[in-house]
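Two complexes come next, and they have one chain in common, subunit A, joined by subunit B in the first and subunit C in the second.
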Partner chain A sequence: MQFRLEKRPEPSKAMLYLTPVGAVLATALVGAIVFSLIGYNGLGAVREIFLTPLLNPLKWQDLAVKSAPLIIIAVGLSIGYRANVWNIGAEGQYVLGGLAGTGIALLTRDMSGPWILPLMIGGGVLGGMAWAVLPALLRTRLQVNEILTSLMLTYVAIQLLNYLVIGPWKDPMGFGFPQTRMFTADQMLPTIIPRTIVHLGVPIALVVAVAAWFMMSRSVFGYQVKVVGAAPDAARYGGFSVNRTIWLALLTSGALAGLAGVLEAAGPFGRMVPSFPTNYGFTAIIVAFLGRLNPLGIIFAGLAMAIAVVGGEVAQTTIKLPAAAVGIFQSMMLFFLLASDLLVRYRVRFGDRTVEARA
Partner chain B sequence: MENTRPNRLELIGITKQFPGVLANDNVSFAVKPGEIHALLGENGAGKSTLVKMIYGIMQPNAGEIRWNGETVVVPNPKAARKLGIGMVFQHFSLFEALTVLENIALGMDAKIPARELEARIRDVMRTYGLLLDPHRTVATLSVGERQRIEIVRALLLNPKLLIMDEPTSVLTPQEVEQLFTVLRQLASEGCSILYISHKLHEIKALCDTATILRGGKKVDTCDPRIETSRSMAEKMIGSGLKDIVKPEGRRFGDAKLVVDTLSTRKSGHFDVPVDRVSFTVRAGEILGIAGVAGNGQNALLDALSGEIHGDDRNAITIDGRGIGHLDTTERRKQGLCAVPEERNGHAAVGDFSLAENSVLTARDRLGMVMLGLINSGAAKTYTGKVIADFAVKALGPGSTAGSLSGGNLQKYIMGREILQKPSVLVVSQPTWGVDAGAAAAIHQALVDLAAAGSAIVVISQDLDELRALCDTLAVINMGRLSAARPVKDISIEEIGLLMGGVHGGEERDAVPA
Partner chain C sequence: MTLITRRNVLRIGAAGLALPFAGSLAFGQDGPLKIGFVNVGPKDDNGWTFGHWTGAKALEAEFGDKVEITFVESVPEGPDCERVLRELAQQGNKIIFATSFGFGDYVIKVAREFPDVIFEHATGYQRSDNVGTYNARFHEGRAVMGTLAGHLSQTNNIGYIGSFPIPEVVMGINAFTLAARKINPEITVNVVWLSSWHDPAKEADAARALIDQGADILVQHTDGPAALQVAEERGIIGGFGQGADMSAFAPKSHLSAIIDVWAPHYIQVVKDVQAGTWVSDDSWPGIAAGEVVIGAYNEKIPADVVAAAEAVKLGIADGSLNPFTGPILDNAGTERVPAGQIVDDAGLWAMDWYVEGVKA
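Moving on, here comes the complex of A and B:
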């Protein structure tokens, strides 16, 4: 049996928006089957992962808090991906953002005032940006693939984090635990809904996404990014520098990952700990694609992924699903999304040997 | 008897449907043994699709292919070669870094020891006068020589039918003559030739029969030696031809675009840079730059448009203002617009709408940007005007560029630049792959722009186009430009010699190496 792919003249717009939903459904279906086959309660797993977080109001605040960093990072990544700049190292930039914020927090621990938190946030943004400078430099000067450099720098960032919390930044009153001291009240993100854990990072994520959507769809900067991604030669012809765009894309995505990092450090964590890297930077890659690289779509994709993350934690306790199962569900989601994308853009034709020609 | 011999190839009611287009509609014709049969039609008429089905690259949806009288199905090119069908494509599939021999060996279906293959190659070359050193690296060969590799590759299989797809579009007039000699010799030995072209004088000179396609349908099969070029062209286009209307006794204004010893750096390994190029174009003048593809035309266009820019501001001047150091955006603001050869991915972004593509080059000249934000309304309005004025077949400014046919996209691109009323316009291959009707419209628009006082540079490989369109003509060869001369004072033989690298002598030697 032969089959081949034939490009569709114009991919259906409706399908482009429906496929992310389809990918989630296919993930649930296949996940249920696979986990049943290997001896878990497959249906239960799907229910706990995809439905419980939605149906249980107590979990809603978790969804908001988990989706915020995913959305912020994914928005940054999506801008780079639009330009064909493949920053895979958002996790490292996220860590550096957290570290920069923590550094400022430690320096200002004896001071007080409303200026401290904005300073930390600014520092976090710059920290994430700084971690993207090296991939940008290597890519534009020496044509080194940014996928490799940004990914490898992630591990450098994690080692740096471990060194700092074990060494110079260790809390002297912390009974030897590898962690910094707690941030002061002026160094923490305020909660915006009383008696919940929903902090200022949640509205910041929404503002970032809407602002990025506006930039990408209306501004010359967004246009430049899209032209460079779609046709570098046309970009040069149109007067846009490809290298400048690579710089802008990497610095923007680094800055936003850094922002997410400092918001996490100053929010849920409240200090720097070795468990600070929580794979938000990697999960956000899936979120960016699930949201069709569109900042508004990313808001929904971030929520969907937060459901899987929160649900995964639920499933670990309620039906003893292994922690790795959540990773499998997330990967399946990306797989089904990319696969259905192919089918939206191409159609499959079976049977190359044309029998009908003889008719 | 001749008549009782079956046709070498016969197509009966061939139909091919693509999503949204009927590429071939019930096409039937026959090719006799030893016949040189022209397949004539505009771009998009369905010629390429038809031969791809004969060569087994595609399958017809309906219809029958007969080979020597027997119905056959050609599932793939390998089967076609086995039947005795050879094909020389318009775009060569050669590895530049390998030798002639290695390239041919890679394309053979059967494994043949290198020494034996070389002997056979030399044999074919000797028989047909296709002179070529089998051990030369392809990168060092001219386009005409590369085509010879493809021909030799096809001839090694002793084909009974040779399909030539637009073979002369990249050749000098002398090379065309050599090619015709080879084809005539092959035909005299009984090999049929299916010759695809839209160049009417070539078909008149070479072919015994011509089948004319229009819009996927066969219009006529005729004898090109009896028909006139005009009558065949009208069948091909389906309506009366329009000639370029050039106002008589045109006078040129002051020098507008002056290029003074412009050079570019060699960027890629197989890239030809421009080398100390100088010329002047006056207001109202159209300068043509002829040359075989790959002689620095791309570098010249990029250097003029600003995609490559040097430090010497006075290497290029417009009305005396040095612009040699400016980038494309700044040059456009100074009145210089350019259209590169490659439409998709260079002059336009296929995935973008036409309105978005207008933003690419017209955003500053036509005020489509305010405070860093794009005024998409202005872009749509302008795009609508381009579509209307240049009769672009598109649903509207929202259509993606990639959904347009090549000719329509080119009309849009030319319209996008011309309606900006640039004081200098540089275009490469303005009508490459464009049907005759659209080409005439583009030519007229260029003439009208010149009449309004702009200076125009047309880089093209189509000598007929250059001679009809231009006032002065220069030839580029290996990055060097010959002196520009009035078109009426320069013969086609001279142009051919210049294209082949034979310069008048003094101006080339006068430059110290």
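Moving on, here comes the complex of A and C:
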């Protein structure tokens, strides 16, 4: 007996939306059983990881702040991925956004005024965009694969960050620690809900997602992106320029990653430090797919990822679940999602060659 | 391996029954003193975080059920640690130890929100009313390791794997190099920076690269034994345990180790807090106080070399020897410390230059 995978002609729409929920439920179920069997409080782990962040109002601010950069970056990536443009280097573009904002902050150190923060944010957007120009140029001019160039530029960005905070940007009052000065009040993102850590980046993330959804579903640009991704030949025949789409996709995702970077730098970080790259750019790739490359889905996917991270920390502090176990829960969620995805798009066929011949 | 037994299956059921009550458990005023630890690596890194884990265990041994310890691992430096710090404070922890320098800004920030919680930040410099700092004079141990390396190196080329060029790391490199070159002025120390405290793959890569460039002794200021494992595999003269004894990973190459003993400091802090006498200050003891301990010497090291290393250790312990005694030239040839003078603590914390013989 053998079994094969056969592509479904049309994946069920309902299943596409149900499987992320199913993946979370399967993770909770399997996790509870497995961790109970090896002697941990399995149900407690599931409760702390998946429910506490949602039920405990003290955690809502953490979910909002943790998911905002993931949502902003993932929305940008999803636009490119729809066009089959694979920007894997959002982490580098995020770093450059943060660096550009920091550069402006250091230049305007002795100044004050409400214009400084918007200038920093604008700089961050341009910084992220500039870092995406290189892969776009190489891809459209020389046919160099953007997956490789964008990924490798991430490490260049991190080295640039280290150089700046260890060298020219080092805080002279910081005892030699590799970090810049703290930003001034005019350079920090305002908190929008008093007595919480919820900053302006959170509503910005929602606006970005909704605007992107509108653009992708209602504008010619969105249509063009989808056609170029789904059928490049048809797009060319229809007069859509593939190169132009590549440029737009990379610049948009770079700009949004840069925006997330400057918002993090001016928000939770408040200065530039070597630990600034926190893998948001890579985690956002997962978030983009978890959200089905749909900007509205990405809001929920970003929240789900934030729940897993925040809940993982809660589980470590309350029921003393080791860090590795938390990692297992997070990986399990992705495993179940990808596995169920396969089954949504393909069906399993058991049987012999007659079936194969028919396929 | 745990097998699936009836008892384990019952445990799942029992856990289910307990679920609705778990949230309502609260400790009264007379409950144990809750103590939290926030760590940058996992406790089984066999180095830095393991050292703090050992210190946390010592608290349990000393105070028994009067303390309840929560040890949070692998917390990234940056805003993520702020969440963990706040979480621990909200859970009722009264003392919170944050054991990595990158937690500093957030310790200060969260400490402002929880004035009745005491925070102790390792390897940092920012203090406030309820934030103290603590560290160990690791560079004293580096001087002992440097003495061994000065005697043992044959290629005169020593590879040094650094994390970040912060004063604590720089003074370790300098103390090591000064001690090694006191024995053998031909020695050069090549530093590779990883920009990470715990990344075994990068540590191993750096170790291989340094050996390929002729290093026959490796030193690391990162948290795990990866470099030692490479040293063992490649059969070079050896390396040193950092933070803990790592001889289990490299029985032939583990020359000695700098072992961090945090227990006395942790026990003192808890006693001070219990007595209500805790005040924010900076604690920075070294070999003399037993916070920095030199590990066992590998049996392949000749007796006279061990004796030389012991002499340095004892000299530092009784104060007759300071690892930073002038004349000291930096690696550009400028005299930084005149003959007969030493670098004081303020000078150590401002150290952003390398001594002669360091290529960084």
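Throughout what follows, the second predicted complex is superposed on the first by the 315 of 359 C-alpha atoms of A that agree within 3 Å, B and C clash if a C-alpha of one lies under 4 Å from a C-alpha of the other, contacts with A are read in each partner's own complex, and residues count from 1 in each chain.
Here is the rule we go by: a residue touches a chain if its C-beta (ideal position, glycine included) is under 8 Å from a C-beta of that chain, and two chains touch if they have at least 3 such contacts.
Keep in mind that this is a model prediction, so the values were computed, not measured.
In the superposition on chain A, no contact is made by A:Ile298 with either subunit B or subunit C.
Once the two complexes are laid over each other on the shared chain, residue contacts for A:Ala28 go to neither subunit B nor subunit C. When the two complexes are superposed, the chain touching more residues of subunit A, out of subunit B and subunit C, is C. When the shared chain is aligned, no partner comes close enough to touch A:Leu189: not subunit B, not subunit C.
Of the two partner chains placed by superposition, A:Leu96 touches none, neither subunit B nor subunit C.
For subunit B in complex with subunit A, the touching residues are 19-20, 59-64, 71, 73, 75, 305-307, 327-330, 332, 338, 340, 342, 345-352, 356, 359-361, 363, 369, 372-374, 376, 400, 403.
For subunit C in complex with subunit A, the touching residues are 2, 4, 8, 11-12, 15-16, 19, 22, 36, 42, 70-80, 82-84, 87-88, 90-91, 101-102, 105, 125, 164-167, 170, 193, 195, 349-352. Within the complex formed with subunit B, the residues of subunit A that make contact are 6, 8-10, 218-221, 223, 226-227, 230-231, 233-234, 236-239, 352-354, 356-359.
Partner subunit C is touched in their complex by these residues of subunit A: 32-33, 36-39, 41-44, 47, 58, 62, 65-66, 158, 162, 166, 175-178, 182, 197, 264, 268-271, 273-276, 278, 309-310, 313-314, 316-318, 320, 322-324.
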